[in-house]
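Next, two complexes with chain A in common: one pairs it with chain B, the other with chain C.
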Partner chain A sequence: MDSGTIQKLENLLLVAVPRDLTDDEVILMRRDILRAIRAYGSQVVLLDFTQVDICDSFFGRFIYSTSRMVQLMGATVIISGLQDAVIETMVELGMTLPDVEAVLDLDDALALSRRLGRNGSGPAPADGGLPEWEE
Partner chain B sequence: MPDTLQRLHFRIQTVTDVSDSRRKGMQLALDMGFAHADATKIAVVISELARNILIYAKTGTITVLADKEPDGPRCIKIIADDKGPGIPHLEQAMTDGYTTSGGLGLGLSGSRRLMDEFFVHSQVNRGTTVTAVKYLR
Partner chain C sequence: MQNQASVYNRINMLEAQLRAVLNSVPMAMFTLDAQGVITFCEGHALESMGLTPAQLIGQSGFDLFPNPPEIYQGIKRALAGETVTETTTVGPMTFQNTYIPYTGEGGGIIGLSIDITSIRQAEAEAREQREFLRKVLDALPVRVLWKDAATHAFLGCNQLVAQDAGLPSPDDLVGKTDYDMPWVEQAPLFQADDRAVIESGEARINFEEQLTQSDGSLSWLRTSKVPLRDASGAVSSVLCVYEDITEQKRAQQEREALQQQVIEAQRRALADLSTPIIPVMDGIIVMPLVGSIDTARARDIMRALLRGISEYRARVAILDITGVPLVDSGVADHLNHTIQAARLKGAHTIVTGISDAVAETIVDLGIDWSRVETMSNLQSGLVAALDRIGLRLTTADHAANGK
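Right, the complex of A and B next:
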């Protein structure tokens, strides 16, 4: 997994979801996300879908399960950058993402994460500092 | 007989075949003049049907046809074919949320909503053929 896909921004963990993800890559990326939350003490994980133009039900399940796992670490998932065609397709397919907040773009995500940062505490950063990325 | 303008054929054996077939199917739809949103829906239906092949039958084929009915509109036709276990409870399988694989249970029911026509022919222990059609407007 390319480490450039996960970046820290204040209390936000910015994840640029790649255009085509294999099932194995999805699992690796999710582990990288959980490790980075612990390392940085991130309170909000932003899954940015700007590059994604095909979102099938497998992808939907990935968003939902990632959101559940992130919640168990005391953080929150926000999704952003869904293309119009992707939104239309997801809704007609019947994909509902309960408990997952969505914003239009990075500006809105940052505003929301700053608001959450003042109110919540989030997980404490681990002593180890930066996570080691998997190949 | 419909006049077949172009035909893509994929053997589905790995997840890479799934991404390859949906990507090329989407491009065919765009080349035919489908709107971006409709090409996206076609890609997702190819993806769902190809995934079903992998999950339930292990292998199978996806055929994507650019067709034209005589005196009718042009259409794209997706045919997913496998020699897998078949679908024992087809009515349930066409219902939102019904799954035997731990997925979201939207593959068949959701795909039907994304297309104009949707036929499933399945025989237990013989295999399943799904034909899905979307017309160019």
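Right, the complex of A and C next:
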């Protein structure tokens, strides 16, 4: 798997999820993420889905299994960049991902991960509320 | 002695009868001897020719009628033993002449001349009328076709139909049926229509149907079928009159398509109007909902909200439902989906405008909104939203005095 899709940024591990993932690629990608978490000591993993335009079973399997594995390793999962059409389908299918924090884009993800870093790592509150914002 | 007298009487009577007949019908009778000299002539036709028997008897037929050659030849051939019939026009009049060789004593010929002038005239008039009718039919900008009621065979048609059939003239269609035409595909339908008109005895006016042309293309027609009756009152033929409305039909279909486009564009504009997004502060947007929410509208609302969250980088969305008259489990579900979608885009949703009636309905229906943040009015919602993004409203002098 090329290093272009996984990047470290401060305490954040940036994963640019490619479109059209096959089952084999899912397995490889997950392994790379978990290895990187251990290597960098990342506290937050950002899964960015800007490239993904279809919500299919591969997508579902990737999100659920990867989030679970990352959380087991003690890091927080954030997702960003979900396209409107993908969100519509996810909601229709009841795929609401209650354990995962969602943000609009990379800027917000970075802000969130910095805050999490200061307050200690761990999953964000389940109701999705954002901690106090400092101007 | 008595025998002779009765024979003479009989002869006189026959002669009188013959004269009576000949003088009352437009014909004349002649007898010529073996040299062609006229020995007897009598008949009403003589008057029309301006002649009297006296002028003709004793004259040679050859001398009297050197022209036209038909008469001269007629006499000659009959004297030679051949029965001849010919038609001659003399001036304004036309005669049908028959020359019969007389096989009795002395030979000669018996000639019969019938004045057919008026018959010819009637024929000419009839032909003129037929010609005129044909001109009218061919000048009409519609197709005209008539078929036999029993066999469905074409009895006649006008030039346009021949053209459609790819044939040079209407006469080429007589005796054929729809099965012999380029529109053979529609033949069963056309004949079924014919039968319906024939059996009911009632015309079918201005109905639309399709026709395959000789080049294979498909045209639209507006057709009328009328039953024609014969003297006994039975339907003997069917008259079909039809015009090509392909162009009109195409124009009509284009108009309808355009109309559909306009309606669709209006529907979309309306949908846009019904989902306004108001950015009230950095990171906070308000979406006031007015009117009932069905599945289609719910989808529009969700899409508009997601677009608004992207556009204004909102982290809090306030959905105000003051203007929504009915909140049942369906509407509650739609709103839930919208809230979940907004969350996946990184925005928290607050639902404001919960009236007492709506609050009652939600609990009574057992709708679970325990995890949805709700307020009774927009002001409270705004304060909660500000709080969420870490801002607080203070009065001016408070700020002036420092935090």
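Just so we're on the same page, the second predicted complex is superposed on the first by the 118 of 135 C-alpha atoms of A that agree within 3 Å, B and C clash if a C-alpha of one lies under 4 Å from a C-alpha of the other, contacts with A are read in each partner's own complex, and residues count from 1 in each chain.
Rule of thumb we're sticking to: a residue touches a chain if its C-beta (ideal position, glycine included) is under 8 Å from a C-beta of that chain, and two chains touch if they have at least 3 such contacts.
Here the structure is a predicted model, which is why all the values come from computation and not from measurement.
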item	value
Partner chain(s) touched by A:11 [first = chain B, second = chain C, both, neither]	neither
First, second, both or neither for A:76, with chain B first and chain C second	neither
Which superposed partner A:102 touches (first chain B, second chain C, both, neither)	second
First (chain B), second (chain C), both or neither touched by A:88	both
Chain B versus chain C as contact partner of A:66, first or second or both or neither	neither
Chain C-contacting residues of chain A that also contact chain B	84, 88, 92
Contacting residues of chain B [partner chain A, same complex]	15-16, 19, 22-23, 26, 36-37, 39-41, 43-44, 47-48, 51, 96, 103-104, 106-107, 109-111, 113-114
Complex contacts: residues of chain A adjacent to chain B	20, 22-23, 53-58, 60-61, 84-86, 88-89, 92-95
Residues of chain C defined as touching chain A within the complex	299, 302-303, 306-307, 309-310, 313, 315, 337, 340-341, 343-348, 371, 388-391
Partner chain C, residues of chain A touching it in the complex	79-80, 82, 84, 87-88, 90-92, 96-97, 102-104, 108, 127-130, 132-135
